[in-house]
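In order of appearance the chains are A, B, C and D, and numbering begins at 1 in each one.
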Amino acid sequence: MTKKFDLIAIGRACIDLNAVEYNRPMEETMTFKKYVGGSPANIAIGAAKLGLSVGFIGKLANDQHGNFIRQYMNESGVDTSNMITDDAEHKTGLAFTEIKSPQESSILMYRDEVADLYLAPEEISEAYIKETKMLLISGTALAQSPSREAALKAIELARKNHVKVVFELDYRPYTWKSKEETAVYLTLAAQKSDLVIGTRDEFNSLENSLSGDNDATVNSLFQHSPELIIIKHGVDGSYAYTKNGDVYRGYAYKAKVLKTFGAGDSYAAALLYALSKDKGIETALKFGSASSAIVVSKHSSSEAMPTVTEIEALIEEQDGGK
Amino acid sequence: MTKKFDLIAIGRACIDLNAVEYNRPMEETMTFKKYVGGSPANIAIGAAKLGLSVGFIGKLANDQHGNFIRQYMNESGVDTSNMITDDAEHKTGLAFTEIKSPQESSILMYRDEVADLYLAPEEISEAYIKETKMLLISGTALAQSPSREAALKAIELARKNHVKVVFELDYRPYTWKSKEETAVYLTLAAQKSDLVIGTRDEFNSLENSLSGDNDATVNSLFQHSPELIIIKHGVDGSYAYTKNGDVYRGYAYKAKVLKTFGAGDSYAAALLYALSKDKGIETALKFGSASSAIVVSKHSSSEAMPTVTEIEALIEEQDGGK
Amino acid sequence: MTKKFDLIAIGRACIDLNAVEYNRPMEETMTFKKYVGGSPANIAIGAAKLGLSVGFIGKLANDQHGNFIRQYMNESGVDTSNMITDDAEHKTGLAFTEIKSPQESSILMYRDEVADLYLAPEEISEAYIKETKMLLISGTALAQSPSREAALKAIELARKNHVKVVFELDYRPYTWKSKEETAVYLTLAAQKSDLVIGTRDEFNSLENSLSGDNDATVNSLFQHSPELIIIKHGVDGSYAYTKNGDVYRGYAYKAKVLKTFGAGDSYAAALLYALSKDKGIETALKFGSASSAIVVSKHSSSEAMPTVTEIEALIEEQDGGK
Amino acid sequence: MTKKFDLIAIGRACIDLNAVEYNRPMEETMTFKKYVGGSPANIAIGAAKLGLSVGFIGKLANDQHGNFIRQYMNESGVDTSNMITDDAEHKTGLAFTEIKSPQESSILMYRDEVADLYLAPEEISEAYIKETKMLLISGTALAQSPSREAALKAIELARKNHVKVVFELDYRPYTWKSKEETAVYLTLAAQKSDLVIGTRDEFNSLENSLSGDNDATVNSLFQHSPELIIIKHGVDGSYAYTKNGDVYRGYAYKAKVLKTFGAGDSYAAALLYALSKDKGIETALKFGSASSAIVVSKHSSSEAMPTVTEIEALIEEQDGGK
C-alpha cells in the first residue's frame, strides 16, 4: 500500500525571536527576527526540505503569529490540513534567543497557556495517521493535558495501524511539573515507540536518574516496542543501538558554531530522511551529524535546514577519502 | 520467595454517608451514618475480612475523617503503613447515598480537591510493591494528576518486579474531564495489567464506544499483557475470558436488594480471594456473585463485607445439589 | 414608601452536619444530623422567626442538598425568589461539627468549589434590593470571586437606593488567600456600611493587626459611612458605638453551653430585629445576647433560633427586677 | 512638608515589540524592535522626561526582559527602588504591535501569568507612598489578584496620608473576566480618587453601559472623592469637569499619525506635569493634547515621550497667535 506521507509530526509549532544583534546579553539586544520554531515543526520543515512528504498535527493560535506559522509551513511543503486553529484565545509559544557567545546561549520561553498544548485527543484523526509511514512525537507534547492525551492517543492509533512511531525525547523542563511526572510519560511513550532519539541527559530524565548507562537504558527499552535507539553525547557523537544487538557510532562534524539550538531538530530531520531512503543506520548517523553541523552555524533553526546536496557536500568534505 | 502481602490496593479511601432514613428522596433524609468507602478501600477491607494479607497505598486528609479511615482500616486488618497523610489541606472524599427504593439509588459526591487524588508518584515505594503478589489499581486513581502518575508508576514498578497487576475499571464520570481522556488512560492501564475487571459499560468507556462487543474487547486487550478479563453484565451475570481462549460464565445469586452500590467492590474482593487460593475461575466467579448478593442486601459497602463462611453458605444454599 | 422586606441577606446558605453522638472526638461520632447553616442563612432564618419580613440573595447547588436548603428556608418564611440554582456542578458547602465538650468544639469545613461563592454580579437584582430596608452582607461573601464582586455590587446598589447596609464581618480564615487580602476587602465593605458587627478578633482581621483598640477602630471607620459599630468581646459582652459618640455596653447572659457555634448568627438576628422595631440600642444589645444564650444551649444553629417570647423571657428571668 | 516625588505610578511595566517593517499585516513583519511599554510605565517615563520627580511601584520578571525594563526606567530618571523582582517564574507582559496603516493598528498581547499582576498587597510600602504628592493608578492593575488588592491597598494608604490619587482608567478587556467585574472595580477606585482620566468608552466600562453621558458620569462620581474628571473623546478633544461645576474643553492638535497607541499615556504624562506645575486646567489640556500629537507620529510609546520644549513648540505652532 502506498502511503501519502513519509512522516507526520505531532506537537508544537511556535515562534522563535532570534537576537539580530548578538554576542551580547539579551538586555542589549534591541531587535529580534521572527522564525517558525518548536522541535517537531523544525523537524517537519527540515524533512520536507530534504524531500520527504510531510504532514503535521497541531494546534495554532488564532492570531497573526498562528497565521504566519501555517503560511510558512505550507510554503515549506508541509501539509497543514491537520493543524487546527484554537478557538479559546490561547497564544503562540515564543522563544527569545540570547546569543552571548558560541558557547553561551540561552532561551527565554513564553509557554503559559500556549495553543499547542491544547491539542485535544478528539482532534486526532485516525484517517490522517493511517496515511503516513512514520509518526514523530516530541516529548514536550506529553508535558500537559490535553496535548498529553492527544499524543498518547496518536501513538495508540499509529500502533494499531502499523505506522512506525518515532519518539524524539525533546525534554524541556519548563513545561513539566516534576521530574517524576516526566519520567512516567517519557517511559510510557518510549516503550510504545519503534525508534527513540535523545541525548544522554534526556534518557536520564526518562529514567529519573542523574547518570544513566546506555546499556541499561537500551536493555530496559528493548523489552518493549523499540527496534532502534539513538543516544546522543554532544561533541562525542552519538550511538545507535538495534534490538538485535548491533551498535553504531556516529561522529560530530566540525562546525563554525553560532549557537547550539536547532542542532537536535536538524539531526532528527536528516536521520529520518536517511532511514526513510534506506540508506542504512551508519549513513543516517552521518546525515544527522552533518545536518546538525550546518544548522548550528546559522541564525535560525527552521529556515537554516539544509538540503540533501548540502549535507552530502559536508560529509564528502569532512570524511574525505574515508 | 514468600511475599508479605497477597494484595496491595492503591487509590481512594473515602467516607460514605449513608441515609439512615431511606426509601425516600435525600431531601427528606435528616440523618446520615458514616462508613469507610471508595472502591479500592472497600476491596481491601473485603479481602482482609476474607483472610487475605492486604496493604494499601493512598493519601488521607489530615483531619478527623482521615483519622477515622486509617483507624477503621487498621482494625479491619489492612496494613496502612503506606497511607500517607496529606499536608496541603485537601479533603476526604464524601459520598452521600440516597436510597429512594431498591431500584433507585443515587450518590451525591464531594470529590473537589480530595486528598486521594493528590497521591504523588514520588510517594510510591518500590520496596512496598515488591512485597505483594497482586497490585490492585482502580480506574478512578487515573482520573487526575498527580494520582494518575502515581498509579501509572505503581503499575510500572509492579511489572518490573513481576507483581500481578489487577485493574478494576471503576469508572466514575464525575472525576474525569472527558470521555476521550478516560479512554486514553483506561486503555493504557488495561494493556499493562494481568487481570482486568469491569462492567460492560466500563469496557465501553475504555473503548470510548457506545456499545462494545465482548469478543472485540478481549481480542484487543489480549494482544497486550492481560491473561484474564472479567466482563460483568449486571443481573445477567459475568463472563471470564482467558488468553488461551477459555470462556466461563458466572450467574448472579438472588438477593433481597436494599441498594446496589458496593456490589462491584464486594465482587472483586471475593473473586480475588478465590483466585489467590487457587480455587479456579469458575469458583471465583461464584464467590464474586455471592459476595455481591450479600452486600447489596445491607446498609453499607465496607462494613457489610462477608466472611468466607457466609459466602460459602449462600453458594451452598442457592446452588443446592448442583 | 413601604418596603416589602425588613431585611435581605446575601451570601452563603449551606449544610451543617452536627454530631448526633457528642462529647467525643469526631472520629468516634458515627451519625450526623443535617441542618441548614451558614451565617447569613442562619441570620435570615432567625430574623424571619422573630417576625421580620426577610429575603435572601444567594446561589444553591443543583442537587439534593441545594433543594433541601431552599425548601427549609421557604418553610422558615424567608423569600427565596433570588436564590439562584447553580448550573455548573458546584457543591453545597458543608460543616461537620465536632463537639468534644462545651468548651471544645470545632468544625470540619467543605468549602472547595461551593455554589455560594459562584454568585455573580450579573445575578444581583437592583429591583430586589430596592425592596428592602436593610441589606445584610456577611464577610465570607467577599472571600472569593465572583461572589466578592456580587457582594460589592449589592452594597453599591444598596447605597445608591438608600438601603441601610449591615456588615457582619463573619471572618472565616479558610476561604481567604491571605490576611492582607482579607483586610483590603473587609475594610472596603465596612467603609460603605451603615452598621458593622463583629468580634474584636474580626475587627483585628479588618485592620490586619494582632491586637486592635476599639477607639482607634471606630474613629477610623466613622470617617466613612458607618453610623453604628458593634464590637463583641465574648463572655465580656459587647460594645455599641454610635457616630455621635455614644457608647453602650451589653452583657452576656448565663447559658448552659452545648457548643459555641451559632452564637454570632443568633446575636445578629435578634439585634437587627430589635433595631428594626426601634427598641433602642440598649435593648438591641440585650436581644442579641439573650438570643445567643439560647442558641448555644441547643444542638443546631438554624433550627434553634428563638422566638421573641423566648428572648424576652430569658431577659426577664436573668435581668430580673433590674 | 517637602515630598521626594511629584508622582509615583503603580502597575505594569512591560515590553512592546514594535513592527520594524510596517504598513502591512503582522504576518509579513519579520523584525520587531523592543521598547519599554505599559500605560503606567509610559506615563512615569514621560513625566520624568518632562522634569517631574517620579517613582514606580511594580513587579518585574526575573529575566532579561525584566532587567531591561529596570535599566531603561532607571536611565529615564524613574526611581525603581520599589520595583520588586518576581521570584515565581512569571513573565514580562508583551505587546506585539501591528501597524497596517495610520488608521488601522492592533496589538497582540501576551498577558498570561505576567509578573506585574503578581504585585501583592504586602509588597506596598506606606513609607514610599507617603513621599509622593500624587499616586497614579492605572485600571489594568485592578484586573487580577493579587495586583488588584495591591492597588486597592495603595489607594487606601494614599488617602490615609493625604496623597492625591490619580486614576487612569486604562481599560484593556483581555485582562478582565467580565464587564460586570470591570465595572465593580473601576467604580470602587474612581470613587476613591481625586482625579479620574479616561476616554468616554472607558467611562462606559466603569458604568457597564453602552453609551454613557458625561453629565451623568460626573454627577455620580462627584458624590465621592473626585475633584477633577477628564473625559476624552478622541479627535473631538477632551473635557475637564471640576467638582465646583466648571467645564473646560481641550482640542486635539494636528499630527502626522503613524499609529495611535501611546496617545493616552503621553496625554496623561503631560497633563499631570502641567497640573503639578500649577499651569491651570486649560493649559494642562493643551499639554496633554500636544504631547499626544507628538507620540502618535513616532514609532514607540516610551522612547517617543516629548520634552517640555517640544510640547510648547507644538502648542505655539498650532495655536499660533490665539
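Note that in this section a contact is a pair of C-beta atoms (placed from the backbone, for glycine too) under 8 Å apart; a residue touches a chain by one contact, two chains touch by 3 or more.
Please read all numbers here as calculations on a predicted model, not as lab measurements.
Student: Would you mind checking the shortest number of contact hops between subunit B and subunit D?
Tutor: 2
Student: Measuring between mean CA coordinates, which chain is farthest from subunit B?
Tutor: D
Student: Determine whether subunit C and subunit D, two copies of the same sequence, contact each other through the same residue numbers or different ones, counting it as same when over half of the numbers at the interface appear on both sides.
Tutor: same
Student: Take the average of all CA coordinates in subunit A, do the same for subunit D, and state the distance between these two points in whole angstrom.
Tutor: Comparing mean C-alpha positions, subunit D is 43 Å from subunit A.
Student: Hey, how far is the Cα centre of subunit A from the one of subunit C, in Å?
Tutor: Computed from C-alpha means, the inter-chain centre distance equals 60 Å.
Student: Between subunit A and subunit B, what's the gap in Å when you average each chain's C-alpha atoms?
Tutor: 41
Student: Quick check on subunit A: which residues sit in contact with 2+ other chains?
Tutor: Nothing qualifies.
Student: Tell me the shape of the graph of touching chains, choosing from line, ring, star, complete and other.
Tutor: Ring.
Student: Where do chains touch, given as pairs?
Tutor: Every pair of chains meeting the touch criterion: A-B, A-D, B-C, C-D.
Student: Show me the residue ranges of subunit C that touch subunit B in the complex, using the header's touch definition.
Tutor: Residue list for subunit C touching subunit B: 17, 20, 25-27, 29-34, 63-65, 67-68, 71, 89, 91, 94, 96, 98, 108, 110, 112-113.
Student: Considering the complex alone, what residue numbers of subunit C touch subunit D?
Tutor: Listed in rising order, the residues of subunit C that touch subunit D are 120-122, 145-146, 149, 152-153, 156, 177-178, 180-181, 183-185, 187-188.
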